[in-house]
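The block underneath contains the structure these notes are about, expressed in structure tokens.
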Amino acid sequence: DTITIATVNNGDMIRMQGLTEDFTAKTGHEVEWVTLEENVLRQRVTTDISTKGGAFDVMTIGMYETPIWGKNGWLVSLDDLPAEYNADDILPAMRGGLSYDGTMYAAPFYGESSMIMYRTDLMEKAGLEMPDAPTWEFVADAARKMTDKENEVYGICLRGKAGWGENMAFLTATSNAFGARWFDENWKPQFDSPQWKETLTFYLDLMNEAGPPGASTNGFNENLSLFQQGKCGMWIDATVAASFVTNPDDSTVADKVGFALAPDTGLGKRGNWLWAWALAIPAGTQNEAAAKEFIQWATSTDYIELVAENEGWANVPPGARISLYENENYKDIPFAKMTLESILSADPNNPTVDPVPYVGVQFAAIPEFAGIATEVGQEFSAALAGQQTAEEALAKAQALTSDAMEAAGY
Amino acid sequence: MATQHSRSAARLMMAPAVILLLGWMLVPLSMTVLFSFKKYLPMRGGDLGWVGFDNYVRFVSSSAFWPSVQATLLIVGGVLLITVVLGVVLALLLDQPMWGQGIVRILVIAPFFVMPTVSALVWKNMFMDPVNGLLAHVWKFFGAAPVEWLSQASMQSIILIVSWQWLPFATLILLTAVQSLDSEQLEAAEMDGAPVFKRFWYIILPHLARAITVVVLIQTIFLLSIFAEIFVTTQGSFGTKTLTYLIFQRVLESQNVGLGSAGGVYAIILANIVAIFLMRIVGKNLDA
Amino acid sequence: MARAVTNQRKTINTILAWAVGLLIFFPILWTILTSFKTEAQAISDPPVFLFFDWTLENYAVVQERSNYMRFLWNSVLIAGGSTLLGVIIAVPAAWSMAFVPSKRTKDILLWMLSTKMLPAVGVLYPIYLIFIKFGILDSRIGLIIVLMLINLPIIIWMLYTYFKEIPGEILEAARMDGATLKEEILYVLTPMAIPGIASTILLNFILAWNEAFWTLNLTAAKAAPLTAFIASYSSPEGLFYAKLSAASTMAIAPILILGWFSQKQLVRGLTFGAVK
Amino acid sequence: MGSITLSKVTKSFGEAQVIPPLDLEINDGEFVVFVGPSGCGKSTLLRLIAGLEDVSSGEISIDGVDATSLAPAKRKLAMVFQSYALYPHMSVKKNIAFPLKMAGMDPAEQEKRIANAAKVLNLTDYIDRRPGQLSGGQRQRVAIGRAIVREPEAFLFDEPLSNLDAALRVNMRAEISELHQQLATTMIYVTHDQVEAMTMADKIVVLRAGHIEQVGSPLELYERPRNLFVAGFIGSPKMNLISGAEAAKHDAATIGIRPEHITLSKESGTWAGKVGLAEHLGSDTFSRIHSDELGEITVRTIGDFAIKHGDTVYMTPDMSKLHRFDADGLAIR
Amino acid sequence: MGSITLSKVTKSFGEAQVIPPLDLEINDGEFVVFVGPSGCGKSTLLRLIAGLEDVSSGEISIDGVDATSLAPAKRKLAMVFQSYALYPHMSVKKNIAFPLKMAGMDPAEQEKRIANAAKVLNLTDYIDRRPGQLSGGQRQRVAIGRAIVREPEAFLFDEPLSNLDAALRVNMRAEISELHQQLATTMIYVTHDQVEAMTMADKIVVLRAGHIEQVGSPLELYERPRNLFVAGFIGSPKMNLISGAEAAKHDAATIGIRPEHITLSKESGTWAGKVGLAEHLGSDTFSRIHSDELGEITVRTIGDFAIKHGDTVYMTPDMSKLHRFDADGLAIR
């Protein structure tokens, strides 16, 4: 059979695309790839699944969509995968986030949390030493000290580009560390809380003093290239970035990178998120069996070994399986330990200091979230660009969130 | 020239085009109108029943609505202004005798061939990026701080990108019009004692009126619905959220089809207001 | 009767026009140049213009990742198919409007044009549902139909203006000579309007080629044209300027070359037949 | 073959009745010219006969057969248009062959007829050119060629020469006349050119506002116009029309005298007047003479006649050539 | 005021010399007509005088002052173009006012001049219309109006009537002539129409390939053409030119006799021939007669002359009107 797979244009997926032949050789199924940029992909698969279009047999989705879609009965359950697949090897945090009501609806291709990546040389030059679990206070102080705008070195690079998966992923996770939350138990938006104000003000001040120019349009990619070019002192972002910044082919600072857990403020929550890019099968596909075979292939330990064989252990998809972190070969990878620790320290079911009615660290797993958060993200981004104050941004965020929640019937 | 026979043949031959376009307009339109009166949330089980005018009220009362109308009109107006003014200047320049006119014309047309997505990507990444973009290098070369195009000057940047794409169109239409100006008229004005600038103002510009109308009409139709340029560059941030983009957010990001459909109906109404307004001025000016 | 012009003025014109032309063309030129650089050179500071190590590596990477020819072929079929289908439907309609005008002709024409103002995002759901219903999702024929419908008003309008330039007497002569309506259109009108039809085809081919909303949202793997191809190169992880440039160059090159070769028709086409 | 009869034919465009009920008989082999002021319905009438427009009421029969609702192609008429209406993308040969091809004629027979037409019209050397490569006169001949190959019952011409320059017009005029003599086919010819009408027609039909004012041979119309309109319309320069006391002397409401039938003298004559404008062509002199009683009178004198603006002159009309009209404008015989 | 002198003026476009060295004197108040075949340089010469083209060498002086390198607007000349070149977006009034506005004239004075021009040209009723709403003749008058308000030293007309129909042309011809009499301003007028040249000019300049063939009054040119070219060019229908034995009899290489100077008879005469085509206009009859010795001869007969195709007729030339030319084509006097 020929199966159509929609996927995102990240490095790990592109590598998978390159290894398709192995799958075809093993199973006899052909694969058609639809590789799209993340935003386009999301728009595309969402339209398709909600109209039951059936254009794809396998979709690459995240931890946000999976429970919502699973609840709607739009995805094929993956609980019946054969024993040799060893589903129990999947990291529990990942498996939990990709399930609804105890049923796994998507298999993690790779998982990530966020952590600090920092320049050991600059840290030294600033006369500081990075602890394994720093506080925001320390990070902010270090960032200001490392900044040297003359030479285009900026103390800290953080996401500023608007989008629920861009600045809002970072800011929501960070707000958790500051004790803020999206909604209270009655689904009432909380942007008017002092915690949010503190979060946002802290972020804006830090970025204005120690951030790169044009931060309000920087997302993962922009920050990655800044860091690779040696223009960032610290960067707090997805753990998968570690393999890029330590790859000497692309990075000018490959041998000067250290890692630490995302910072906290002593309230008991760290500002690190949890995310997985996972493969799921839309209900009603004609090629369910072949699709399942593909998911087994792509998310198995065999696949990890296949990649390791071809591209080296640094390039295997991380964060999905326990066994990877027990593998001797992988233990040598500098960022392996910190990645695992970050993942383990994130708890989607209990993300905030005060209780919340939703699941998800850097998001709330309700269908309305993406739309709301993107709009909120735009307000925050505008505040970062200096077009409005933190207060104004928060007020607008509160208004539009209330409005949208009301529209959705909460 | 019409006999009964040819008139009925004409009606028959118009039919396919008219029926197809009518279908193309009515079927999705009526579905959109239908959805707009419903609570339609695909992520929550789809059609959740009738809600009357709720979606309409909600859509206009949203804080994003009026700014989006404003942004739409600003982009359309800005691009029209730039392309028409520069188009006239360029058309006059290209009309002059010169060496390599054909090649220059090719250079000037080229942006029209570039897909909107590609042009937005190229401008955003390779030119307007505040660190690695070429414009940043140019600014630094002259000792200025690089402009953060897409955040600090977001509207201007989008207008710039879109104008770049549409300038060839305006230039060529206006060039054709300039070339059609009877040279005797200019000579007559010269004999009448009008110097260069007055010849432009009193003779050439009025002659271009019709061509300018065509440019305005066609471009407005296309500009009202620009999407890729915004999706790729700012995703609606920094005040660049047009009505089209707002609808996109409602339908696809917030997954509220009912609300988005109400927005769609508003967009159609806005487009038709603009259209009627245009047709009023254009209709007379245009023998179409 | 053009006035004779001095060489000095001609020189000034030439310099000015070339400067402006190059300025307008520069973004494209820069993209093409960048596509031959390595990623590191692509972002080097200060930027390099011509003196770098030319490499085809980016093209190799792009080709390895996605089957360019397949996207290209889909683009050609979809843009070509929709344009041809559009012309076939538009010719009779334009004939009617140009040669048997009625009081409503102008209204109908403007109405047709106004259908272009329907915001695509607003009707994505309805169209998607219709496509599912007819099973034409991710099929070339589906896209051909949609793009044809989108461009039909423009095609009709352009053909109408070209047809109107043709004297009705010639068609009457054909009628007197015993030609049926079909023969009249096929043997007399169409050949006479060839330059106009060519311009129409060319312009609409470009518009269809560059259409990015429907082509992206209604396709998956089988029918995806170059607009979908480019969507997999925008902002991946890591450095990508050179690869983006290569992909962009590949996406616009065919149409750029086509456009340049048929410049004359195109210039005529770009004016939508509306200005003489 | 070739007789055409119109009975009670009318034509309205929307509200406007362009042709009021009209009867006309055209005999086989006749050369009939329609003249009349612009907008009087000449082209409309021709197009009704051709079938390019439907009649609003009435009947057209060709060769005794009712053709009122026959398609143009079925009427066996050929038309030559003012703009020639050649097919610009076809060679001369293909242009001429087109009607034959449409009729599905056997190719060998086509070849023969085309060769024949080309010879008659002196087109053999240009047979492979496109219309764009031909001069005006040659194009006109191709248009005629396309008409004659079909061997139609009748030819219809709508101002076929008006796009040609003066010299060429004279030649083509002669050629068409010659053609008529050769083929002896019915021809209906629309023009607003005096000279064409006078020199080519067997029968002139003078139209005004869709109405037939007079039908007759050219000399009949010149010598015996039925009413004021025809009198003023036929002849160039126009007949001088005089009303008032002078006309009353001749028992008429209006009298008419053509410029060429007045003799001019500096010494004496019937009427006196002052020269307004004198146009000296060498071969003729046209003088416009203001007379207080008569108004403005145009006089043609053969050769050069030495007068100038302001001179007082005397005019003597040739009484035998005097036309008299009653109060309704009808000629008194 | 209003005299124009061209001395040794030449004009080349690139390699091609369109005007070889040329001298011409135009006196104040004269009506000068340039005639000549198409492409002979009439328009070019006019444009050189207007200043719309630069001379390649030579001098142009207006009113005794060297104007060779003066801008068109400074030469105080007004031009009326063949296409009228009206400004289509301005009303008649604005069109006429345009040169005054450009000169920065006081609005009250403008009003006065416009009103005056409108009255002279009968335009008062149309003063607020756009050119598109006017008939050809009215447009022509507006173009003239635009010229006269400036009160120029001289008017330049480039085939101003060639876009009008025959009847209108006759009227406008008279109007321009009248205007010249009223204003007594120098006028230079380009045409290729025989009749216009003959009836309007004080002085005709016959050009061939940029070269002046003859300058003189219309009757001079008609009666005493200096060479074959002028003889053939002036007069309509054209002079019959006969060479060979018959010419030798008169000690000339070629003899010429105008159609109107030959008498036709059915019985006897100097030359015999067969009627080819006879065109009966009522007022005149034009016959084309084939004679074996002489070739084809055109003859004009006054009134109706009853002959038809194929008749044998006899022609008698008026010997006093015979023109003789030598082998170089020059007239023998």
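For clarity, chains are labelled A, B, C, D and E in written order, and residue numbers in each chain start from 1.
Here is the rule we go by: contacts are C-beta pairs under 8 Å (C-beta built on N, C-alpha and C of every residue); 3 or more make two chains touch, one makes a residue touch a chain.
Fair warning: this is a prediction, and the values are worked out from it, not measured in the lab.
Of all chain pairs, the one joined by the greatest number of contacting C-beta pairs is B-C. Its C-alpha atoms fitted onto subunit E, subunit D is found rotated by 175°, rounded in steps of 5.
Computed from the mean C-alpha positions, the centre of subunit B lies at a distance of 55 Å from the centre of subunit E. Look at where the CA atoms of subunit D average out and do the same for subunit E: the two points lie 28 Å apart.
Between subunit C and subunit D, the centres computed from C-alpha atoms are 53 Å apart. For subunit A, residues touching at least two other chains, in rising order: 43, 47, 51, 225. Subunit E has residues 52 in contact with two or more other chains.
The set of subunit B residues that touch two or more partner chains comprises 1-2, 132, 184, 252. Within the complex formed with subunit E, the subunit B residues making contact are 182, 184-185, 187-194, 198, 202-203, 206-207, 209. Contact residues of subunit B toward subunit A in the complex are 39, 41-46, 58, 62-64, 129-132, 145-146, 148, 150-152, 231, 234-239, 241, 249-250, 252-256, 259.
Subunit A meets subunit C in the complex at residues 4, 6, 9-11, 14, 17-18, 32-38, 40, 43-44, 47-48, 51-56, 219-221, 224-225, 228-229, 240-241, 244, 250. Listing the residues of subunit D that touch subunit C in their complex gives 50, 52, 71-73, 77-79, 81-83, 85-90, 98-99, 102-103, 146, 150. For subunit C in complex with subunit B, the residues that touch the partner chain are 1-3, 5, 9-10, 13-14, 16-18, 20-22, 24-25, 27-28, 30-31, 34, 43, 45-47, 89-90, 92-93, 95-97, 99-100, 106, 108-110, 112-127, 129-130, 149, 152-153, 156-157, 160-161, 168, 172, 181, 206, 209-210, 212-213, 226-227, 230-231, 233-235, 240-241, 244-245, 248, 251-252, 255-256, 259-260, 263, 266-267, 270-272, 274-276.
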